[in-house]
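The next part holds the structures, each set out as structure tokens.
Each of the two complexes below includes subunit A, the first together with subunit B, the second together with subunit C.
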Partner chain A sequence: MTVEKLRLIVEELPPELHSKVRSAKIRGNDLRLVTGIDDLASLAKHIHGVYQAPLVTMHATDDRAAEDCFKLYVVLSPRGMDAFVTIIAALEPRSQRFVSLTPQINEADWYEREVQDMFGLEAIGHPDPRPLVLYDDWPQGEHPLRKDFPLDRRPPRIKGEYSFTKVEGEGVYEIPVGPVHAGVIEPGHFRFSVAGEPIINLEVRLGYVHKGIEKISESTPYWRGIHLAERISGDNSVAHSTAYCQTVEALASAEVPERAEYIRTVMLELERIYNLIGDISGIALDTAFSVGAANGYLLRERALNLNECLTGSRLLRSVNVIGGVRKDLSANDREKTLSALVRLKLEFEDLVDLMVTSTSLLDRVETTGKLSTEMAVRLNVVGPVARASGVDRDVRRDHPYAAYDRLNFLVPRGAAGDVNARTRVKIDEVRESFSLIDQALDGMPSGPIRTVVENIPAGEMAMSLVESPRGELVHWILAGRERPYRHKIRDASFCNWLAMEEAVLGNIVPDFPLINKSFNLSYSGNDL
Partner chain B sequence: MDEETEKLGEELKRKVREVFGRSLAIREVDAGSCNGCEVEVNSLTNAIHDIERFGLHIVASPRHADMLLVTGPVTRNMELPLRQTYNATPCPKMVVAMGSCAISGGIYRGSYAVLDGVDKVLPVDVYIPGCPPRPQAIIQGILVALGKMEERKGQQS
Partner chain C sequence: MIVEVLQTILLVAIAPLITGIIRKVKAYLQSRTGPSVLQPYRDLRKLFSKGSVVSKDASWVFSITPYVCMSAILVAALLVPVVYARAFGFVGDLIVLIYLLSMMRFFMSLSALDTGSAFGGMGSSREMYISSIVEPTMLLSIFAMALVAGTTSLGDIADGVATNGWDLVAPTLLLAAAAFFIATLAENARVPFDNPATHLELTMIHEAMLLEYSGKQLALMEISSMTKLIIFLAILSNVFFPWGIATDLTVLSLAGGLLAFLMKVLVLAVLIAVIESAMAKMRLFRLPNILTVAFILSLLAVMSFYILGAT
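Up next, the complex of A and B:
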């Protein structure tokens, strides 16, 4: 079925594009098209438009040693198919330029800026070619993801200054915030342009917590790479490590035992529960609804305790291994989980009652921080933020992994796209997570929990998508010897930050923390 | 209630009174953490741990702080903001490096983008191991820092 559909994509290409495809192969559910660098943009635009295929990732590889060139990869996900189209184009030998896709595919924006920083390849025609991750004090000509850049090179700082967008007009003033914030949150810089009360422009400047994770991973053997994956965005340890393991397992064509898939599902949903309850409590806190916040954070603490009880780690670290999971869930664990969840569910419903009947809270969240459906689609926003704006997308249903295809769940959606809608969607998602855990514990087959994965063939590529608490995240690996040759990581936050710049427009500055909390994006996951 | 936390807390309360005669103001600085450490710093203020009742406050500005609680390996891009925060903190001040990253760079050690730990940038008084440290470990670490502060005071007088 899938293979047929993918074949059809190739057959349906208009002749002028068909002739530009140098090779078309189907591997699993991935159609891989090789084309020339000058035809990359038009081919990508065609598939993006005709099949309503959002951009899953776009990145480069440094193949100068073997093929004397850099390559670009564009991965798209055609709507309604559990399948992907990967377009691969090599730059001309020794060339360091390509035509920007951003004018055609809006969401390519940050990916291309990242490619510029990390590989030194120029995206010609990019509307905003400023550096994204590497700072103004980073010297020219040093590009960390190039293979001739050693992991531990620390170039001296140079003098430089970042230019923010200037918004001018009568009575317009700027408010710079961060990178160090007042609360216990991650660092990032926000620059507001304000006219009177309303925000007329926001520029988000990130990169402060860039640690070089992709580069580190490319010199880290697979078995240890899991630990790194768990530390891409610490509160999404299971989501990232599952995606990493699934990618490596796909490279080796390994089958994970069914029991392990169920255990992974339980862990993924436990992670979602503590994260989303944290988000909901944060929203209560930022609307000065202290009772709700105190109750919410208490529930989160209970969830963290349950995590520790089952895995020895409050953040569910060291759960995954390549080929399965590290520790089984005993009958005793099952009982403990079920009884803890019974209590948690009841208390969660009390919290929800408390929150949705508080008029002072509703007054703050309704119509605040609106993101329209149209904008959410245009920016390719993912996760609960997208669903609250009416976008019907969830990796668990659309590209099932672990045990999700054997379980029943709804994908909650909102319409208004405001803080209220995001809160409601998150509430409903917690409820679905409770049900998913119950089902997974019920349906869990007996058997082994891991399989030995050996011989990961160098030169192969594979990819895995996971629905993290923040939304769709992606790991993409081109295998090297015992480690990734290239490891591209894309956290959900990378897709959603630009949407925040939109959602705050017309709102007053004091509502910004609330809007920010309702998005709750990761800085570490974004900056890598 | 968690017994371990209670015991540590009572000790902490006594120490805070002894050393400061009031409460202890802590400013948290994320110098490039994975955000796992922040999950636990935030847990300190929930109703179970509730460190406020032991006289510990997490404050919004370094200018009100007695102690900086620093997480993360110190990324290249956070070195300057971290130094600025330190300079804005009035003396006498303590620096606590929280988590494997803050201690040595942790899993990111040796990367082009990090500086391999807080003590490469600032004088560190106490190191709290863990990835992330549990809330009780953080409280314990703060207690150790207070002990050091007391010693220092004793030497001066």
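Up next, the complex of A and C:
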């Protein structure tokens, strides 16, 4: 079925594009089109437009050793089918330029800037070619993800300055905030241009916690890559490690035992619960609604204790292994989880009652930080943020993994796209997560919890999407010998940061922290 | 004379305690144990034993502001009746008090601008924006009481109202008290106007102006803020509801006055803590709404005095 649909995509290509496709292969649910670098943009634009296929990821590989060229990969996900279209284009030998997709596909913006920084490939026609990841004091011509850049290289620091967008006018002034903030949060620089209190421009500058994870992964054997994946964004460790494991399992064409899939589902939902309860409490905290915040954080703490009880780790580390999960859930664990969840559910409803009936809180969150549906689609926003703006997308339903295709759940959606809508969507998602865990524990089959995965063929590529608490995240691996040749990671936050720049416009400065909290994006996951 | 000085010392001495009590009650309402009520004293001791870091771009305004604030607040404290109704009324009346507070605010805003940090400027601008409505409210609500007592000296008002007994419980008093209470919350950076517990610089009003201070200077700024709060609570409890205050200098009535004062301040502190726990902070541009309500209340207080007939 999927294969036929994918074949149809190739057949439906207009003749002038059809002739540009050098090869079309279908592997699993992935249609791989190879084309020339000059036709990449038009082919991607066609599939993006005709099949309403959002950009899942775009990245480069350094194949100069074998084929004397760089390659670009554009992955799109056609709407309404559990399938992907990967367009592969090799740059001309020794060439370091390609035509930018951003003028046609808006959401390619940051991906191309990242490719420019990490591979030194120039995107011709990119509207904003400033560096994204590399910092001001990084010398020109040093591109970390190139294969001739050794892992232990520390380039000398140079003097440099980043040019922020300047907004000028009477009474307009700039507020620089960060990168170091009060409170225990990650570093990021926010440059506001304001006219009095209303924000007329916001520019987010990230990259302060760039750790070179993709580079490190290229020298990390698969079995240890899980530890790395868990640390991409500490509060999404199950989501990232699941995506990593699923990718490696797909590379080896391994079947994970069903029981392991159910256990992964339980863990993924436990992670969602503690994250989203934290988000909801954060909204109460930032509006100085202290009683709500205190109750919320208490619930989050209970969820973390349950995590520790089940796995020995509050943040659910070391749950996954390649081929399954590390530890089985005993009957005792099941009972403990169920009884803890019963209590958590009741108290969560109390918290929700407290928050949605507080008029002073509602007054703060309604109409604050609006992100329109058009803008959400245009920027390809993911996760609860997208759903609060009315975008109907959830990886768990659209590209099912683990045990999600055997469980029933709703995908909550909002319409207003403001802080209130985002909070409501998160509240509903926590409720769905409770139900998903109940169902998964009930329907869990007995059997082994892991299978041996070996013989991962070099040169093969695979990808996995997971719905993390922040939204869709992607791991893409091109296999090398016993370790990835290229490991592309795209956290949900990478898609959503630009949306925040849009959502704050017209709001007043004191409402920014609240809007920021309602997005609750990861800096570490974005910077990698 | 000695009593007047002693009661001022008392006022400053218990100021951190009141702040500690408010924090403690808030902690209880959030199901936390919270730090000891004495924690503000410890914080102050810590700050006083530290050196101050001053930005190289700061001018003399930045350095003198803590002393200006502290002196202004100490003089203001002298004018407020605490245990004994007669404060240093001959030095200045309520108009002096209001302008002492204005002076403190003026220097605080100036020093926040002085260092040129972005947050300080925002804090100053917001503080001025709020005070432009709070100040007349404060003035008018105490004026209503001045009309009732026929004097602008705070001590005489307290004395007059206290000795006249319950006859004076009129709409004027209640309306003015309500207006002054709202002004107290706004002036002292409490929820719903400001969040004294936040670390988010972008939402701050009062705290944003103190961000550049450290060490001893910060300690002075902190203690003057705490004293400012208790001055407001003292006015609220002794000018609007002065019953129990000592009107003569016998030991018994002074002890009774002390007890009554502590009780009233405690009740107000708990009330503030409950309000802070029960509601979220308001949007910045909604603040004029509630402040205008306070202003109207104080206006009504003055009007009702004339309409209901002055005796």
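Keep this in mind: the second predicted complex is superposed on the first by the 528 of 528 C-alpha atoms of A that agree within 3 Å, B and C clash if a C-alpha of one lies under 4 Å from a C-alpha of the other, contacts with A are read in each partner's own complex, and residues count from 1 in each chain.
Here, a residue touches a chain if its C-beta (ideal position, glycine included) is under 8 Å from a C-beta of that chain, and two chains touch if they have at least 3 such contacts.
Only a predicted model underlies this, so the values are computations on that prediction, with no experimental measurement involved.
Student: A:Asp363 in the overlay: touching subunit B, subunit C, both, or neither? Say first, second, both or neither.
Tutor: In the superposition, A:Asp363 contacts subunit C only.
Student: Contact-wise, after the overlay, does A:Phe512 reach subunit B, subunit C, both or neither (first, second, both, neither)?
Tutor: Once the two structures are laid over each other on A, A:Phe512 reaches subunit C alone.
Student: Considering only touches as defined above, state whether A:Leu298 meets subunit B (first), subunit C (second), both or neither.
Tutor: So A:Leu298 meets both subunit B and subunit C here.
Student: Classify the contacts of A:Ile26 with the two partner chains as first (subunit B alone), second (subunit C alone), both, or neither.
Tutor: Neither subunit B nor subunit C is touched by A:Ile26.
Student: Looking at subunit A, which partner touches more of its residues: subunit C or subunit B?
Tutor: The partner with more contacted residues on subunit A is B.
Student: Which partner chains sit in contact with A:Phe289 here, subunit B, subunit C, both or neither? Use first/second/both/neither.
Tutor: In the superposed model, A:Phe289 contacts subunit C only, not subunit B.
Student: Identify the partner contact of A:Glu186: answer first if only subunit B is touched, second if only subunit C is, both if each is, neither if none is.
Tutor: In the superposition, A:Glu186 touches subunit B alone.
Student: Based on the superposed arrangement, let me know which partner A:Pro176 touches: subunit B (first), subunit C (second), both, or neither?
Tutor: In the superposed model, A:Pro176 contacts subunit C only, not subunit B.
Student: Name the residues of subunit A shared by its contacts with subunit B and its contacts with subunit C.
Tutor: In subunit A, residues 182-183, 294, 298 are touched by subunit B and also by subunit C.
Student: Going by the contact rule at the top, pick out the subunit C residues touching subunit A in the complex.
Tutor: My answer: residues 26, 29-32, 118-119, 122, 125, 191-192, 195, 197-203, 276-286.
Student: State the interface residues of subunit A toward subunit B in the complex, per the touch definition above.
Tutor: Those residues of subunit A that touch subunit B are 135, 144, 149-155, 179-180, 182-187, 207-213, 215-216, 227-228, 231-235, 237, 278, 294, 297-298, 300-301, 304, 314-315, 317, 522-524.
Student: Quick check on the complex: what are the subunit A residues that touch subunit C?
Tutor: Listed in rising order, the residues are 174-177, 182-183, 196-197, 284, 286-291, 293-295, 298, 358, 360-361, 363-364, 508-513.
Student: Where on subunit B does subunit A make contact in their complex?
Tutor: Interface residues on subunit B, with respect to subunit A: 28-43, 45-49, 58, 60-62, 72-73, 75-78, 81, 84-85, 106-108, 110-114, 131-132, 134.
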